[in-house]
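Going in written order, the chains are labelled A, B and C, and every chain counts its residues from 1.
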């Protein structure tokens, strides 16, 4: 531990000393009346900035080394056995130390392509090496802990990954080599996985147990989300238009929406049980259609309700922010009402509306996790079963799948938006995301 | 008063502080290059020049808001760089164009900020605020509790000025303090400034881009261009002997008219004939270079009589475009003379009572010199 | 902004109305919390078919207590940290981090609150401490974002004159900038409070206690009345919070 600290503190120490040496000059930004250039020693500030940011990242890395990196369990329900750095063999430790070292190098270099390369490399390797460590540790788990043993990442690794996250957030833009690096990492990991190195990893085991259920639930989750989103759009967009046209409608709809947002998700789900049950008892034909007090029905109703807020709000803003002069010009040209709507208003409002739908999509994907609580389907099944069985890995598996689904859907939808938006309007700021 | 470029100095008073060869760079741009300037004590030094000439930068070097890359500023043998910055700034009044009143504090709380920072006891602070508000002609009873957003532009500027005077600093730094108001208000603010400065005799460094304002207010005028001083001297000297073509162009074509702004009405006014209406003709007699002023029972002029050829012409005096204040410039006197079509302009005091007149003939004599 | 005389009078009557409303809400809450009879009364009138109206092991009182403690603790910690970091990031030395904070904010926003809480389980463990940490981290960002925006909105003239008249860095912050930024900061804290109030309901799932307990119980037993019971308290707490914040903003108005 001591040797580790020494190794780590030296690069960090250098960075700190340098950062302190640079006293913040009392160079004021050009005064309000002064029009001489505003280039207030930008070059100097860049170096400071690099070092300050690097310091934060290095601190995170250092912190992560004080926490256990992975944990092992003799069986599914045994106690956790935390394992820190000391239990890793030397190659693993060196691998883990490399990214922080690269960050320190980045801090000490002057800003330029070399320092950017150092940063990119540290980020990519920061993703790669922990996965490699897990792969290296994996095969020995059954030997050390028994035939049923499994292992999972622990808080130390999460902190480490948080540091890597900050590295990626620090980068001004994602360039080709970043994506290339990540693709390489992904393929390397897949290759290693195919060799069976991750076989005793907790989430892998749970996944194997569930088998085809995973695909089932993923599809169910997607189905749930899209049905809710569809309903929400069908109801929401007309309501947004109504609020736009009619002040009174606006005064009713928005406060109601605000009220709805304050009710927590699970509460709304639960409140629907009894009314729906009563309803389906009174009208038996609803039962045959599959509408009951529990199951997917209340889930869809609740999800649609929550999705209404972003859809209505962003659509409303989109329509409201069309400049009146454009409409006047259209009228002046002789367009009738229908034409104004179809040729002017909708196209101009499209980016805003699509943004609202995107926010609703992401939100609903996340909220659909709770559907399980009233007997619905979706990836929430994994999560809550895991919670009920005190299986961390199951919960982790479920959440990872949901996050992956969210990111994938978001990207796909963004591409869709990009293709559908008339090109002059692309890239326009659509307000707060 | 001789060397224009390197050692500008006024000789009728001692130097308050000196800037020696100061340079300031913003990245690659040289905002100030090797500027040397001696600020005279108890006088108004005006820095003027086109945008980007470095006048504001120079000002802000004096209270260490801008760091010097080269050179030094010395006050009584002490380098300013060695002094504690916040103490230095508390010993100078600072007024800027957008005033920068704290919106969440009342006028009273704004004006007594620096005394508060210096730790003055509450009672002396309250006294001071009242005194300052009266000085800028804003009734403390009405204005103390008001908030900045309730003030008009002109009122805000006066409060800014009062705030700069807060702890009675020996030196005032003013960066286009009257720039953000309309011309009428600006003239009034300049009048006020002159009046107050005559009373307090502070050492003032004043930045402006308005030539008329500069000439009117300056005891020591410093013209700058591209980070250097082009000419530094008294306004009369500069107006009569511009250093080069740039200064000439910068002064503008109306130099003689501008020169008139150097003089105030009370410096050149003479006794005026006045009384009731009937006495006009006989008092005037043959002289055509004076006006006979008819006064009301308060002593305020209501009409002027003058001999034009064979007749006596009569003009009604009804509003501010027909008279001047004591601190108004001679240029304004010319303007009122032309407004009324009389040979002289009436000079009134604060109550509006006639205290003298300025004759066109006198103005012509001054211009000839 | 200060008001003209006429609106000052109106605002005083609004003030009284508001205080009365607050008192009413608190009264309702206390009545509901402390008296099982009141609970049964209200719930049975809406859901007559249900058999059970109370949780088998905990009282509403206990759950509300846990819930309030969790919410208030998370909100206060988020407020303090958010303001401190927000101030640091708007100082000369910290400007560099603003971009990072902005991106972090956008990144965190993509997760719904429920996801953050549930993720706390694998990463941090079971119990109220992980729940608190998750709530704190998530609600940090509204406060932080608003603090930064608040300080960015201070007029440069005010900052310049404060500096020029000789205020120390701390005095500039406290006398000149903070009062200007405060309305925005308070709004951010309010958002955090409402966010935490709702999200704490899910904290029960990872062992955080609170009103989520009765709501989850209601879901498991298919009993809407139990769910409503918890929801009523949460909604009341939300309304009370809103009124308190409105009053706060009125009294700290500059």
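Here is the rule we go by: contacts are C-beta pairs under 8 Å (C-beta built on N, C-alpha and C of every residue); 3 or more make two chains touch, one makes a residue touch a chain.
Predicted model only: the values in this text are computed from it and were never measured.
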Interface ranked first by C-beta contact pairs: A-C
Label of the chain whose CA centroid is most distant from the centroid of chain B: A
Chain occupying the middle, per Cα centroid: C
Chain centre separation (chain A, chain B; CA means) in Å: 62
Separation of mean Cα positions, chain C and chain A [Å, integer]: 23
Whole-Å gap separating chain B and chain C, where each centre is the average of the chain's CA atoms: 55
Touching two or more other chains - residue numbers and ranges from chain C: 156-157, 160, 163
Residues within chain A bordering two or more other chains: 28, 31-32
Chain B residues counted as touching two or more neighbouring chains: 60, 65, 85, 96, 98
Chain C contact footprint on chain A (complex, rising order): 24, 28, 31-32, 45, 48-49, 52-53, 56, 152, 155, 158, 165-166, 169-170, 262-267, 269-275, 277-278, 293-294, 362-363, 366-367, 369-370, 373-374, 383-384, 387, 390, 392-393, 395-396, 399, 402-403, 406, 410, 433
Chain B residues within the chain C interface of the complex: 60, 63, 65, 85-94, 96, 98-104, 113-114, 117, 147, 149-150, 160, 163-164, 166, 173
Of all residues in chain C, those that touch chain A in their complex: 47, 49-50, 92-93, 96-97, 100, 103-104, 106-107, 109-112, 114-115, 118-119, 121-124, 126, 156-157, 160, 163, 194, 197-199, 201-202, 205-206, 212, 215-216, 218-220, 222-228, 230-231, 234-235, 238
Residues of chain C touching chain B in the complex: 1-2, 155-168, 171, 175-176, 179-180, 254
